[in-house]
């Protein structure tokens, strides 16, 4: 297992923005290597063709611009949604879940183009560097990884801008100063961090939110929708069958309009520090609530509680960048095993930030009115059974109490 | 460990309502025993003196009417809040947490009055019978437990009303028919179940909600509050120090007015069936969000994640009635150990069903702007460290990948 | 979901012994029903043809005598071994794992013969009744279950013998009194319980052990063997490929001769009491040690630790009778997912009760001498990486300490 | 939180051996700093006064030689034993548990002597560097940590020996070549690693074992002992009360003589590689078995199973070096909470590698012969209760089966 020191060709996760353009040029000048630019459409809501042109201008001969939205939702977002994954009780992992897909494509492109290295634009303080690099290594153990932000000697924004200008990288006027916060976006969420958000005692300024209306701005009238599920995955809205990415996009619209999915969080990064993030996950928030409701009538208690107990671990693995790890895959096998009958429909009321379940139905429902009813159940459930159930559940506690009281036992 | 067959005196958890009045009389006539009536104020919002009078009329010579609100919140609700307990991801356990306290007082009263039995008014299908009885047995292993709903031979509401009338129990007109749903209430929550709620595909009718305005009815203006915490427990609102029960009552008002804390849930009962409940937990919902936010800056990641992983188990124990069990107490010891520094203040915006964190501050904050900053950190964090961190976290994944690819390793 | 009250035909788990013969007759006389006798060879080491004859004599018209040894080991013992399952840290679950298979065949036979009920010979205090009945219900929710030991009115051994004699059931002389202990046996283990073993302060008398030599009696010379594994299952001994049951039988011989696999345990039954059991699991003990050793070089740490953390839960499920439950199946999916590369050979020294690993080899080994070596590793591992690894793992602890000391942070 | 670059005085964990003598001198020459030598007696079985003299010769003015055996066993080994901690199912963590104590004393000595740095002799590939350094940082977040093995430029054993000779460090003849394996020892165990042990397919040569007889060499006669426990800790052997360290030393003698406590293991290091270790833990192995047996009659099932489920996590924390972490302390609080009644005596037979439980007794026993007995229990347990217990445990499985079969439910 050897990693070569020399770099001949590197596949860069390239957004087309100023920072990754600087990285692109820096890789060329520092390593004297060829750079393959890879730009993925994960639903971040930007035109990608300009990125292609910019990469051409910067001298790339191999450029990959790919629409990965369906793969992203189908193979990454949906499996995670099956787990009801929440990091630290609340965060829907919108950034975390995108990194392994980008990394995977970089590795595939490296193989296809004969590149011997990969590079990304994540800084040395965050989680994303970890997520990218663990994914690279897990897929291609001998790959050379370049993390420019950890390597270069630029000390300030000014240094970067200087480098850009010296290298004919166009710098938009509004990029000269430092951005008031930093953003990541994809079909599942937008995240904002840094600068104006650095004091967790201060409310985020309104201009930070880009993806959702505030609850206050949302309409006074609720929107009612029905999401259809098959085997744990959402497949339709209001009876209209939609592909994974189309469905999530539609939920994003609905969530945005109704002020749904904002989160202001102080979280624990894998690298050991606390950070403050503002997240907007409109469609994902709706999906999360709907999936739990769908499971509530179709999953057995044993299955549901086991999932709940393992969920924090699963979410932590994704957050920390271990998507491509045996333990994540083992947990996924466990989760997927439970989803066969998670089929049916959930009706929701979306209203000013609230996602309210107002109905769930399934051909596979385990809810039995006959048994639960307050009315005569015609013998479906024998209340006498409860006595034995309680008596034997109590037995060990009674022995313990007798012991503690010094009673005969 | 013997439980006597004969019953001389029984302590009944007596609400003063029709059902427990029938039970009171039924105990007297069936067992020929004396009944000690015990009525607790847990904040259910009813006058209790009428219960005392009714018990007198029904022939009780020993009557206990007690205000347990402070004990309830301080020793039961708050310890549970320290755990961020949610059953099945969403339910704040409002009914579950009240039962052990009632049971404990029943046992104490049995000891004080020389009673040899205890009785409750829970039915044979629900969780409450389990919660009462496991608590009784855990505290007094030789106590005789009577569960009238499982024992008597009444077949219908009509039978019960007949018995009431034959025994001079006053029956209010509106109690003759069956209630459209069944209610339990205390300072933490109100729950509604049964009848009109039995179809989980149907939205609960508006009249089911008794404790909260709907988000739609709530004011168009947000309310901003600050909750102060000390060692994991809420101690003040907007700088005003309040006792536990007073604080929760105040949060209930705030939550009610802002449409906060409604939950419509299909849950898994310990006795093996699914049931549908509608819960209103206005103050508890605010408290839950605030406590998590307080922990977000004061708890270390290791502590926080361990708590998150054990929370579902802890919540399940409370839901299933195992408050007085060694394992709940062990988990509580673990949780309480973590709360020493959970002190500070959380600012919240309450708006039409939303509880939005807009600030958290603590003298014990672990959030370090110096380290997390996007700006120059003056060496507080060495980005180069991340490389080694990632390399060693990746090592096992690389060895695995090398193995799976048949590479030398 | 209805269970009929009437019983027309019942499938009895019939051993051919006195107790189940009495049950057979009792079922016929009490329910006036036909009894289908089902006798399984799970490797208990008894002739089964006598059971067939006895059943015929007792009037059974449908008799099933089946050799289930291969299915038992392949589909029950081996999957459990993949999990390294130990109940309460030490018990290899030899009785627990056999019950679901017997129950499954009873249900299949009930379907084939049109029987409407099943019955077993387990008493009302033990775990086996739970294991049988949970399995029955999980496979056939409307089946009628008869548990004679909980139903009949016999008060003593004498009553049973009287019933036997009145019903022409032959009673061997040595069965007239009560056995000094009770035994269950199959290919995986023998268990002994009760009577002479009831005082956990007393050493079991030597005559209790039937399946193994004592370490003292075992030869002074060690036996060295090599077990071959494929995908987590043992497939060969000393290079000779063996079927699952044949392999386990061979290991039983080896274990017996070398005094391996005795366990004297006080355990916690699912029904709430502690009991004392003496177990002999000669081959299973060897297999358990070998499987762990095989995993030690072929499983990644993440996979291995996740398995270790979930193992107690998995073992508890099997012990409690939840083999046929969604949660056991989900855990099995997780476990099986990890076993693909658990292939290779483990060399063991068997000596007077000890199972000593003396070598493990695998084409899939993750052990890398190159990396671990104390000698020059030619750059395979960069010791400098450890610094960053430690620094970032320490970061949260340092922030915590700084906080606790009131230092600037 | 600042770590100074300059080093004025460093506290070195000094064994008196060649390697740490070289480190001592290297620190003096490289950093031009004063070195405080700290040598701890943790029961490694070596004279410590020679270390003091050597440190004096090497120019140390502050030398600490301390007997920490009682603290080691009482505050580190015993708390860990309460948890029944085993890493990867088998390893008793003998090295891991010693590091935090050494680190803690180094920090205390640094404070007392005004030192600004600490140093250790662990290499860059192992776990010990992590354990030392995480402990240092957790106790003193601004301490400067020096890890000579990761810093210096010596390439080979020869380089080291050259440096020693140039610096008047005496080099014993047998230390000139490389040792055939590397050893760590303390009162709990001895570990051996490296060189002759690097091939996990090869049995360890007999000369590796230094602390125990082999089972073959052990006497043909068993030794029977009784260990007394109070609140989870061993306090006596055969009725003779002993201090923690004295008791463990006595068990070591007994274990050694009877061939107990050898382990040959391939384990997963925290730094990401697999390594092979040979461990001898004679007394600890006996203690582990005895403690489990003591718990088997004094711990409730709920407590015992919760401990079992959390044990792998607890063991992993200790192995990885997180003794001084909130999560280990939280788990310890949970564990300690369970040990109040773990009092009594366990009788063991020690025989050629085997530790066989032959009796357990406790004034706090939860084992109830009355309830478990096969004989008439005079009504202590009502077998009829089992039916209700099973029926309600089965209910969800029946509903599931009915659903899966398309039956009415």
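Letters A, B, C and D mark the chains as written, and numbering starts fresh at 1 in each.
Note that in this section contacts are C-beta pairs under 8 Å (C-beta built on N, C-alpha and C of every residue); 3 or more make two chains touch, one makes a residue touch a chain.
Being a predicted model, the structure only gives us computed values, none of them experimental.
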Could you set chain B aside, keep the rest fixed, and say what connected groups are left? one piece
More contacting C-beta pairs: B-C or C-D? C-D
I'd like the Å distance between the centres of chain C and chain D, where a centre is the mean of that chain's Cα atoms. 31
Could you give the separation in Å between the centres of chain B and chain C, each centre being the mean of its C-alpha atoms? 39
Contacts with two or more other chains occur in chain D at residues 1, 268, 271-274, 300-302, 305, 313, 325-326, 365-366, 368, 370-371, 381, 384, 386-387, 389, 392-397, 399-400, 409
Quick check: in the complex, which residue numbers of chain B touch chain C? 300-302, 341, 364-366, 368, 370-371, 381-382, 384-389, 391-393, 395-397, 399-400, 403-404, 409
Chain A - residues contacting chain B, complex: 1, 84, 88-90, 123-125, 129-130, 133-134, 137-142, 147, 149-150, 155-156, 178, 182, 193-195, 198-203, 215-216, 220, 222, 262, 264-268, 271-276, 292-293, 296-297, 301, 304-305, 308-309, 311-313, 316, 324-326, 347, 349, 351-354, 356-361, 365-369, 371-376, 381, 383-384, 386-387, 389-390, 393-394, 397-402, 405, 407-409
Per the touch rule above, chain A residues touching chain C in the complex are 1-2, 268, 271-274, 299-300, 302-303, 305-306, 313, 322, 325-327, 329-331, 333-338, 368, 370-371, 380, 392-396, 399
